Amino acid sequence: MTDIKAQVDVLPGLDPRAPLLQINDLHVEFRTRDGVAKAVNGASFWLNPGETLAILGESGCGKSVTAQAIMGILESPPGHITRGEVRYRGVDLLKLREDERRRVRANKIAMIFQDALSALNPVYTVGFQLAELFRAHRGMSRGDAKNRAIELLDQVHIPGARSRVNDYPHQFSGGMRQRVMIAMALALDPEVLIADEPTTALDVTVQAQIMGLLAELQRQRNMGLILITHDMGVVADVADRISVMYAGRVVEEAPVYDIYAAPGHPYTRALLESIPRLDLKGQQLTAIRGLPPALTDIPQGCAFNPRCGYAKEPCRQDPAPPAYAIAPRRTARCHFFREVLGD
Amino acid sequence: MFRYIVRRLLQMILTFFGATFVVFALMFANQDDPIQALVGEKPISDTLRAELTERYHLDDGFLSQYWHYMSNLLTGDLGDSLTGREISEMLSSSWPVTVRLALMAIVIAAVIAIAAGVWSAIRRGGLFDNGTLMFTLLLLAMPVVVLAPVAQWIFGMELGWFPATASRNATFYALLLPAIVLACTVVATQLRVTRTSVVENLRADYVRTARAKGLAPRRVVWVHVLRNSLIPVITLIGVDLGVLMSGAIVTEDVFNIPGVGSKLAQGVRTEDGPLVVGFVSVLVIFFLVMNLVVDLLYAALDPRIRYE
Amino acid sequence: MLGKRPWKMAAATAAISLLVAGCAGSDSEDPALSANAVVISIAEPQHLLPTNATDSSSAQVLSSLFYPLVSFDAEKKPVEVAAEKISVAKGNKVWTIKIKPGFTFHNGEPVTAQNYIDAWNYGAYGPNAQSGGYFFDRIEGYADLNPIDPDKDGPEKAPKPTTNVLSGLKKVDDLTFTVTLSAPFASFKSVIAYSVFHPLPNAAFSSPGVIAKGFEEKLIGNGPFKMKGKWEHDDKIVVEKYSDFKGVVPKIDGVTWKIYGDQMAAYADLVSGNLDVQTTIPTDALANAPADLGERYLKSENSVFEFIGFPTFLEQYKSADVRKAISMAINRDEIASQVFLGSRTAAKSFVSPVVSGYREGSCGEACDYNPTKARDLYREAKGPAEIKITYNVDGGHKSWVDATCNQIRAALQVKCIGEQEPKFAVMQDKLQAKQDIGLIRLGWIMDYPLMENYLNPLYGTNGGSNYYGWSNTTFDSLVKQGSQAATPEQSIKKWQQAENILAEEMPVIPLRYGQNVFGHSERVANVEMDLFSKVNLYEIETIA
Amino acid sequence: MSDPTMLATVDERPRSLAGDAWSDLRRNKIFWASAVLVLVILLMALLPSLFTSADPTSCALANKHKGPTGAALFGFDSQGCDVFARTVYGAGDSIQVGLFSTLAAGLIGLLFGLAAGYYGGAIDAVLSRGIDIVLGIPLLLAAVILSARLSGPGDDGVTAVTVTLGLLTWTSAARVMRSSVVAAKGQDYVSAARMLGAGPGRLMFRHILPNAIAPFMVVLTLLLGANIAAEATLSYLGVGLKGDAMSWGLQISEARRQARVAAAPLVWPSAFLAATVLAFIMLGDAIRDAFDPKLR
């Protein structure tokens, strides 16, 4: 087997100067027996090498679906990408054939999942599952692949990697399992890593270790990292920029310090107000009232309007608010961003 | 693991006695007039009846007959059938062909069931899926009493692709048609169970991971999904192999294979207690070993299952 | 753990099992020994020792291994074969049998009178439990070898026999012996044609009166063929020409008796050319047989007689008119042609056409299909509102019983159902317990071609197969007079008188006569079957 | 729907699993098709005279193997009986045997498999070896004995055949159930439920069973078809239905003898049998899908 990495590099239209990853107007819907659920409705964002972009939002806002659409692992049916582009170095991945697409996965763009126990195949050793990558993508021999697997386990700081390589996922602790997941994602030196809630299932101390590990590996390799989370606390420490998603749209995008300083969208503001902060000790936390809309039934106009304190008549009318450039490198989809920024 | 196997082997001994006891009791309950059953419709003289009754202890009570049988069995003597043949000899002559037939049938069935089951699980609701559903239904609706003679007629007699009958020393090729017929009797259930199990596993998170790893769909399904889906299938295959050993009466009749099934049926019909109990005893041992193998296979398939 | 690579394991297991399955099959596909041998189908014989072999499959095999004392000519008259001369003293009691000289058993032993006497004594001796033992019951001394159980099924056991030799058998010289009967019997010569009367070599006995272990597996006879190898149970019995045979030499060099558990399987082999002769083409195949076999589909008469019996303990059938009405409601010809597709013929007498003395239509109008008369007669005689015909389900009787019931239902306008019992033995038990099992289906195959062999066992008060308990003293005495008459012709007269009583009383409904329905491959010619459903091995030949 | 309050009320209304399943099923075409088919078959089994006015027992050899006529849609069989009438009347005994034997087998298999898989250890050993013994009993032997014990003279053997099949065919269902339970037992939600104080009964029936039942249901729906067909095999072996019973199995078993001459008497009951099995499988699949929380 020839080196697949080389083949990926000669993808037609590949432009090394183009942005590492650029998502434009991505639409994803799920066609189910209960109707069409519009999971992603025009998400757009970009990612540069070495940068960490956090995608933030409540469950069901379309973050994970977006990530899966980028990876091309959307369950289809029922999931369908109806519109938009996913450009990697200028190449629209959505236009590639499935076999070309597959070579991009793990090689260029890799992903780690929330629940490492169920995300790892219970009946194979972690060594097998790691080595499999080298065997499938690099055509390595069994022995070489295994040695690489051990190296990887070492790199993610799993003690006794050489002996543990033959263990099964259920024999690892939660944190160790997530390290295995990370090792697996980084095996082929991808340029983009998508981490979908990588620490949600872990306890707090382990969370910090895993985030530290991710940051360390990202620095070493100059990867672009997309961190999908609903946890604003995690974001603040590691992210460069933040995209806030609501009902399948990116409602605000901004550098992390700007957002923390002054959110430009009422939803972002509400999210920030719902995190406990040491400096505001004693104050009551504000929960966001109401529930996110059902994806089969997204409100007209701004999808957030039924829950929004700023909402006025224009918010309830189509079209939805455009992405207002509210500052350099900053957009927000709110007709009243000035008022929000002002508060 | 070793202790587990030893324990299972000990259980086997108990089960073996249980099974012989149950079958012996059933045969005893079934006993009407084995001597008449033997000669058919011809009249029997009193002396002949008296002599045979004494020779085979037919007048004794149940426990005494059972005791008599078991004490012989423990010395390795399976006894004589009511037709005067040694049961050990009957066993050794009918056993090999049945084992070969059942193994062939189960391999054919399992290969088809797993391949088609996985394929239709992937293409759920597609043409292939609905096609196999219809086909398995057809097989189910066709009892083996129809299937076997029709297959023999079409493929053996009309087309001449296979020999019309087999025999005890039949070649692989001669056994192929009966094996396919037998496979048809079990393939439907195996296929549906494979399909269901694969469908469930296709939704598992590790499948998403495997796809994110850029693995070819073939590898995702056949390496990652299948092994996780096999436990119920293996279970069924184990049971089916047992059923094929003893329950192939019709197929063995149609293709003239003097195997375990037809000998057993003959024994039941002629109320030949020693014959039936002898054959069933060996069958039960076979089932027990089979189950042990299946249980060990569970552990081999799924490392989370451990036996202590 | 069992291993890290279950896939390879599974693949290997599959490969090995297929390999095992394939390799274990030794090659025995070609059962023919040489170009001039034939393959004939049989079922697994129950026994091969002549005195214990009473089923038709063993009779077939024995016909190749043994040379009978007597066989039958075209007129069904007994003629000497292995015997040189069989003569009887006046009074029909003492028979002298002289056998042909120069014959040897397959092991080289000369055949002597003593070989016959030893074999017959063994067969007649009760404790040997030989199923053909009853054939010797006409010979003097049989009772001493088979003491009667004083209380039948009671706790008391029959006493041990005092001797194990028949007092009626006397050796005269090496080639001659006499048989003394306990009562005169003019047709005894016909009886000894049966295979239980074959001789056994000295090698058969490990000690006097004890058959050597394994002898039955590798039988030694005095016939035109000897066994090649052992009896391969459930598979085949191969016989080849015995070069020192002094009798009529068959045209073929050998026979493979191929054993089938199911006759349909044999038929499949016949049609696809793996079998030369099938002696009984099963009813299920009859519809296709003319097309499949063409001129190789043959029929010949045999002794099978099928009928329905009326258990005498059932009050509702006490009236002979009821019995006749039911008989008249049955359209025998339609069933013979539609259900049996011409493989049987309608029976309108109480004995088979194959015996001398048979008269066509001796049953009279009671055996003619006449639904209107049947209904009138049935109403007059107040027949029961529901008729049940019980049959054993393992014999393939369902089709004709159902058809018969449909005819009865249509003609008599009563309910009629076919009641299944799993086995014949269960029917017998219920008869003995006098349960209401309705009409019962029965059949009979003769042991020797005499009217007496139908009349006595089926209708005689003590007849072995008179399961319905009919009894008529006049009838009994007429049969007995016939048996003891001076000449066969006089016997027949008496027996016909007895049959007339049956026609009046209608203890059973005659239904059908059987036929040999057989077929052969294109490899063989001159295939004939005799009255006893055996292939004539002296006539059959192979064609290139 | 732009009114926020309404949105909230719709979303907050508690919905039961059964309610969900029903609303799901209502819109499922396959469910309706199979349900209607099952109803028709059941109706045919209960009231055959609704479907044909012909008398299935009036047969005349003169009609043997005659082709279809206006009155006898499917022609005549080898006894000269109306094939359509016999097929319609055959539904009764066939469905009775198939349904009840499968229910019995399902119940036994469920309990055995659940208990063996859940408790493990000694109970598993005893139950599993019990299954082995049952597997060892030849079907024919059991059928012979039960048909002798359970069906007296004049009986049609339906009870005996049902009991025989019910008592002997549960083994594969039990073993499949056991293995799914073993797998489900290890899942986190079961431990969670146990820690919340759920008793064994609740654990087994509320938590483990719904997650372990899918392969079992598949085996069972197929068993229904297999048992209806197995009745034909029992008839072949001479221990099936008898007397005036009328079933598809009997018809198939009889008609196969003449299949090369007249196919119709074999094809029609087989087709009805296949349609019945299909209907039950589809119905089973639809209901299972609707109730399976993992599929929502």
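Before moving on, here are some points about what is shown:
As written, the chains take the letters A, B, C and D, and residue 1 is the first residue of each chain.
Quick note on the criterion: contacts are C-beta pairs under 8 Å (C-beta built on N, C-alpha and C of every residue); 3 or more make two chains touch, one makes a residue touch a chain.
What you see is a predicted model; the values in this text were computed from it and never measured.
Ranked by how far their CA centres sit from the centre of chain C, the chains are topped by A. Among the chains, the centre nearest to the mean of all shown protein C-alpha atoms is found for B. Separating the CA-averaged centres of chain B and chain C is a span of 36 Å.
A straight line joining the Cα centres of chain B and chain D is 22 Å long.
Once the centre of each chain is set as its mean CA position, chain A and chain D turn out to be 48 Å apart. If you average the CA atoms of chain A and of chain C, the two centres end up 87 Å from each other. Shown for chain D are the residues that touch two or more other chains, namely 144, 148, 260.
Within chain A, contacts with two or more other chains are made by residues 125. In chain B, the residues that touch at least two other chains are 149, 153, 227, 269, 301-304.
Residues of chain D that touch chain B in their complex: 125, 128-129, 132-133, 135-142, 144-145, 148-149, 171-172, 175-176, 178-180, 182-183, 186, 214-215, 218-219, 222-223, 225-226, 229-230, 232-233, 235-237, 249, 252-253, 256, 259-260, 266, 270-271, 273-274, 277-278, 281, 294.
On chain B, the positions that touch chain D within their shared complex are 11, 14-15, 18-19, 22-23, 26-27, 29-30, 133-134, 137-138, 140-146, 149-150, 153, 188-189, 192-193, 196-197, 200, 203, 231-232, 235-236, 238-240, 242-243, 246-247, 249-250, 264-265, 268-269, 276, 280, 283-284, 287-288, 291, 298, 302, 304-305. Touching chain D in their complex are the following residues of chain C: 283-284, 287-288, 331, 334-335, 338-339, 388, 393-394, 398-399, 402-403, 406-407, 409-410, 417-420, 422, 426, 435-437.
Only residues 204-206, 208-216, 219, 223-224, 227-228, 301-304 of chain B touch chain A when the two sit together in their complex. Residues 32-33, 36-48, 50-52, 55, 83-85, 89-90, 93-94, 96, 99-101, 103-104, 107, 110-111, 149, 152-153, 156-157, 160, 163-165, 167-172, 174-175, 227, 252-256, 258, 262-263, 266, 269, 296-297, 299-301, 303 of chain B are the ones touching chain C in the complex.
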